[in-house]
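Next come the structures, one after another.
First chain A sits with chain B, and in the next complex the same chain sits with chain C.
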Partner chain A sequence: MREFDYARADSPRQAVSTHGESEQAAYLAGGTTLLDLVKIDIMRPDQVVDINRLDLNEIETLDDGRTRIGALVTNTALARHDRIKNEYAVLSEALLSGATTQLRNKATTAGNVMQRVRCPYFRDGVSSCNKREPGSGCAAIEGHNRSVHAVLGTSEHCIATHPSDMCVAMAAIGATVAVEGPDGQREIDFLDFHLLPGDAPEREHALKPGELITHVTLDAPLENSRSRYLKLRDRASYQFALASSAVIVTLDGDTITEARVALGGVGTKPWRAHEAEAALKGQKATEATFQKAAEIAMQGATPYAHNAFKIPLGQQAIVRNLTTLTAQEDRRTS
Partner chain B sequence: MSDSIIGAGPIGSGPRRIDGQRKVTGAAPYAADHHPDNMAYGYGVFSTIARGTVTGLDLDAARQSPGVIDIFHHDHFPELHRSPASFAQGNKVEETRLPFEDNHIYYEGQFVALVVADTFENARAAARKVSVSYKSSDAIANLDQGVKAHGTTSGSGNHERGDAAGNFDGAAHSIDVTYTTPVETHNPMEMHASVASWEGDRLTIFESSQGVVVQRNALAKIFGLPPSHVRVESPFIGSGFGSKLWMWPHAVAASAAAREIGRPVQLVVPRPQMFTTTGHRPETRQRLRLATDESGRLVSLRHESINTTSFTDQYVETCGSVTKSLYSCPNLLVSHETTQVNRGTPTSMRAPGAAPGLFALESAIDEMAHEIGVDPLEFRMNNYADRDESLDLDFSSNHIREATEKAAEKFGWQDRNPEVGSMREGHEIIGYGMAACNWEALKRECEARVSLRADGTAFVTCATQDIGTGTYTIIAQTVSELTGLPLEKVTVRLGDTSYPAGPVSGGSWATATTLPAIAAATREAIKELKGYATSEKGDFKDVDSDSLTFENGQLTHDGQRVDYVDVLKGQRLASADGHAHTKGADDKYSYRSFGAHFVEVRWDPGISNLRVARVVSAIDVGRVINSMTARNQVEGAIVMGLGMAHFEATEYDARNGRPVNNNYAEYVVPVHADQPPEVEVILLDYPDLAFNEFGARGIGEIGITGMAAAVANAVHHATGKRIRDLPIFKEKLMENVPDVPSA
Partner chain C sequence: MSDHHKGDGSGVETFDARFPSRRRFLKTMGASSLAAATAPAWAQIAQAGQQHKAPTEPRDDGAPGKGEQQIQLTVNGVAHTLNVKPNAVLLDVLRDRLELTGTKKGCDQGQCGACTLLVNDTAINSCLSLAVSHDGDKITTIEGLSNGDDLHPVQAAFWAHDAYQCGYCTSGQIMSAVAILNDDSIGSDDASVREAMSGNICRCGAYKNILAAVQDARGKMQGVS
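For the complex of A and B:
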């Protein structure tokens, strides 16, 4: 096989120093992205740093009400955690809508943030793909682009969706990503973590070479809020979103006092819809309000030959989610 | 022996699969579980272009890669022969071209080299270091491009009676509609795999095969050997759905490589190439023209189809096979044509011809009924054929009217408000749809051997296969029925060419073909046993052997009972043996199975979600041998049919013919969560004794036929949209989808 060095780290510091600043090194968490892509020869690390022994498995409530999630907390553990289920229902639901039980048992929080695109042209190892081979072109734009290609945040260099469900919920909740690197520790705002493809789609995130994610810290839950994740796809399970929405709202009677909306399946990164939120805030919770916000959210979307339906579908994901959520008595505990 | 064999024994009951425990505990060996001593591993290098030639292979890096033993390609491969690929001779292969025959590329994913190394990982790593240069030509990437580039070629299975064209134009009502179905890929869980080894000029190959005898014969032709020098073993297979009926190039490549390097070679086809080099259901375009008189009786019916085939072979998807005989119509035309595209050779996939064909026919029947304002159930009742007008024969047994009525009643069809979109619950619009299902009943030649052994067990051999459908179990049931031995005392061995020749497991003919042979061999064994018992040394030496009866493992006469084991032991005999060779079906009747599906769909326009909520199917397949495995076949086929209806399509890049969604994540088949909450299967259970003494016709395929049409018809009832192009993706039902022309 293609050979690489394997090392198991016992502390973040050791992981970072073993990894170094090489672009050819990779951290190994659950392996459900990395090993898959190594096996099909798309990711070709020469140094693999296994981080599974690191002590990053805790979910803690901080004094300021925020929730700190260790990088190695599995998707299953996170989804089933009481505080997450009760205070961040949208996150628990997003996690459980993703992949399969087996994958969720392996997949980690940091790994999920860092998962790669599902674009078949990226994965076939042959087609032109700017992500895999910068400057080679993008086979998807004029190729087959129905299910794992975006309509928001695309560029003429790349149109692949960021496939995560978890990250969509995190984008709505608000979070920071704590990293440790060769130059020490720092925090990155979650919304700045994933990058738009622009003219450099090979750059997917804000990590500097060698930086290790140690935690994701969720903002404190909005007081008296209700939240929900709605994922639309072809089959009922085990498929990436064609369109999804993570919505958090607070209500005063039937007036929306606060709203957070993020979208999945339609954007090149976990897509926070700030303008749509502004259009909801202070408005009555009616179908017309939701529809208007949904249209605003999808404004400026660029349809491609096979995925134009994602524009109305993305709107539907927002409208139905808001409709269900605002109709409920109180949905803080789901 | 014409009267039914059915007594109070296990035939017709529903025992669990006798091989089930071995399968769920992992004890059942599948092809790639075999590791003969000194085995090497092969890994393919596959073409990345769909059309052209290989102009160069740079093997230096691969040769230096660790563990590499040899690398085969068109300039380094033994001279072999093609199989005549004859169904009649029993050496059929679908893709007649041998691997590495020359440097031509006909499809993406075609073998261009085979690396053999000491481990799987080394073989795979080296394969990736092979660099291939190509001269590429413009690929013909789909049916439209094929027809445009070079038109069509006439296929087989055509039929004409009366004057369909002449009775169309002036008819009271008519429709002229075109349907399309995409490529579907079988995708069995177990990937195609071969483990080939040679001893001198004798080849043994473990293969995931639905037809060991045919593969043996084909390999014998290809390697120029007597068939007795080739042994193919396939005791368990992780399903095939038709893709493993006939051998594919990997098996030839593995066998040749093993001979060349003098070591056994294992070769597993990777999942992406399961979409390219092991067959698929081809793309079809089908034009249906139907006309009725004032009273709604069909007066003209034309079903003309085109399917894609490869540049190496013609595979005909006989979409009109059922159309010939399901409805009564004096003026009828069925024609099949093919067009060549740069894809591998297609092959049979569960209910070949009928599955795409009945999507079109049964959708068109619904459209016709709608056109004249008649309930589609009533329209069918008025037009079902009472005899096979294409063969001019009576049906051996046909209960389609009863099946349709029973299923309709159970489903609650009478509650259907025919107005489109009129039935609602919550966010969802409810649609009811129905379609007929139909499949030919086939029966082939078969040999089998049964030994009643002195240890009180029976030992049964037949070179057919159990493809997961329950063949092991129903064979044991048959021997148990005739001997009185409990199922656990019956050992069944299948899937090995050293056993008496059995049929390919396909066409839903396994039951009707193997059980008569098993029964005849069992009777022969009993006869031999009676001979021993009435011989000089026997317990019944003064009795005429014909007046001895055999029941519950005992020979009896006039109140005297002797355990058959004691008969054998008394004469120091190991066993009483029977061998049988039974014939295929006669042509006195038209033998077919019938049924009807009723489907409830739910369309939620607010989130563009379509789901199948309820299915009731009534099926007339003759006698049911095992109620559990039979029901399981129909339920499985229903689920596969709903996958065909709204999920499945192998997508090809129109620019270069490359399959795009060639993996389990992006090729969408139904998962557990898609199973309709209510599925009801009614098995009519009318023995068809004209067909065979068991009265059984076979059940593996009929369940998928008509399902996609029933779903599409229900979708029309819910939404008013007539989807004529499968699959019924949500965007085809959505409003306000911006139009973006394909580049």
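For the complex of A and C:
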């Protein structure tokens, strides 16, 4: 692994000040993305700022009902937290469907938000990749683009999916990302945090140089809602989604009164499907309703040579999730 | 795991789980090829066994050199003061500096689980961990599980169930199993164990016996961590 300078920060302010605005500096939390990519020489920091000793390990319920998650809360701790399991089941399930026990024990909330794409052409270090080498082209568009390549939100410059399951659940729940940077603190709406590739796929998020995520704050849970994460993949465990859905609904009898739908595995960012939600709200919870919403969710999808199957698969991820969720008794345990 | 060697020269085979001997056998044969003509191989192995310095003594590197960071690691109950470069990986420090080679390097990028060990009783991939980040941490490796010649229940169960072929993934499998069996939030049914162990890849495909070993060890784990 290449050499770098190392500093351990004791406070967010100190971390930000040590990092500065250099693009060659990197914050280190769990290390499951950063050290992986440094080892294969895709990320090349000359300064690593270790934030693991910062006091950002709490999960707090705020007075307004929102839930504030410290940046360093591990994926395991978040998934196992009582309030998350009971009030945000979709998030707990999404977390537990990702990676492995060991990786979830290391990976943090902020690190999961910041994880990089799994496109093999990004990781191989030699192929054309506009994320890694802006202007070099996208080998995936004409290449092997089956499993970790998107059909929604793609551009002629990049078609890699955002790999996170956690972020799909957060997109459905609604959240804000609190950051501290050289210019002070600010909050970013979760749906604005990840950027579409457009003509600048090397820009993946809304952070300014040097900004550090300190918390992710979830919207208050929808009252009397039920939620579920459904992940479809090539094997039963330890695999990225081909298509996934995070769904939250409230019902009045058999009428859907509120719906939140987000998709993973099919989009270049955690994909909130607002139009599909509008098609569900006020409708009877029937398969015909679900199918119509699912078709709306995948409208405008662009298939590539090997991933056209993701359009019907994404629809099925929505229909099956809604079918299961609306058929069962209230899943909330509190 | 099933290494046998003649521990005292008496010709009686003894088993010592602390010192899997294939590595030492190879080392010994390499280092002593000149002397090999004058003494039987088993005698040299026995001699090497006696000379082997168990990694149970505290290590103290003294003042750190330029570009090094001083860290404290308590490994299997022994406190070491080490000077490491910022890019030194925990797995490599344990293997190369402390000679605790039970923890294996497989993919070296967090995908196979061979390097799994416990940091503060939590299973992690040591290949994706900077040593310097673990200053002050308590680390348990496969070498720290047995109590002298008494195998940990999970080790004994892996042996009894033949839960390996080549054995390269075994220490990672065992460390994951120990963590899982001590974690009340992970279900005890086979499906839950399979899911929780999915980060440990076995190229030989010994999963059936690994699962049997983990479940067998479950009942014997009371009072053991």
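A few remarks follow.
Assume the second predicted complex is superposed on the first by the 332 of 334 C-alpha atoms of A that agree within 3 Å, B and C clash if a C-alpha of one lies under 4 Å from a C-alpha of the other, contacts with A are read in each partner's own complex, and residues count from 1 in each chain.
Everything that follows uses one rule, which is that a residue touches a chain if its C-beta (ideal position, glycine included) is under 8 Å from a C-beta of that chain, and two chains touch if they have at least 3 such contacts.
Quick caveat: nothing in here was measured; it's all calculated off a predicted structure.
By the touch criterion stated above, A:320 is placed in contact with chain B alone, chain C being left untouched. Of the two partner chains placed by the overlay, neither chain B nor chain C lies in contact with A:266. When the shared chain is aligned, no partner comes close enough to touch A:168: not chain B, not chain C.
Of the two partners chain B and chain C, more chain A residues are in touch with B. By the touch criterion stated above, A:106 is placed in contact with chain C alone, chain B being left untouched.
Contact with chain B, but none with chain C, is seen for A:142 once the two complexes are overlaid on the shared chain. When the two complexes are overlaid on their common chain A, residue A:237 makes contact with chain B and with chain C alike.
After overlaying the two complexes on the shared chain, residue contacts for A:308 are found with chain B alone; chain C is out of touch.
Applying the stated contact rule after C-alpha superposition, one finds that A:95 touches neither chain B nor chain C. Residues 1-2, 236-238 of chain A lie at the contact with chain B in one complex and at the contact with chain C in the other. Within the complex formed with chain A, the chain B residues making contact are 48, 121-122, 124-125, 128, 427, 606-609, 611, 646-647, 651-655, 658, 660-663, 665-666, 668-674, 729-731, 734-743.
Per the touch definition, chain C reaches chain A in the complex via residues 69, 85-87, 89, 108-110, 113, 116, 122-125, 128-130, 132-133, 176, 179-180, 185-186, 194-199.
Contact residues on chain A toward chain B in their complex (touch as defined above): 1-2, 41, 118, 120-121, 123-124, 126-127, 139, 141-144, 146-148, 230, 232, 234-240, 242, 303-306, 308-309, 311-313, 316-317, 319-320, 323. The residues of chain A lying in touch with chain C in their complex are 1-6, 8, 28, 30-32, 35-36, 39-40, 48, 50, 52, 80, 99-103, 105-106, 236-238.
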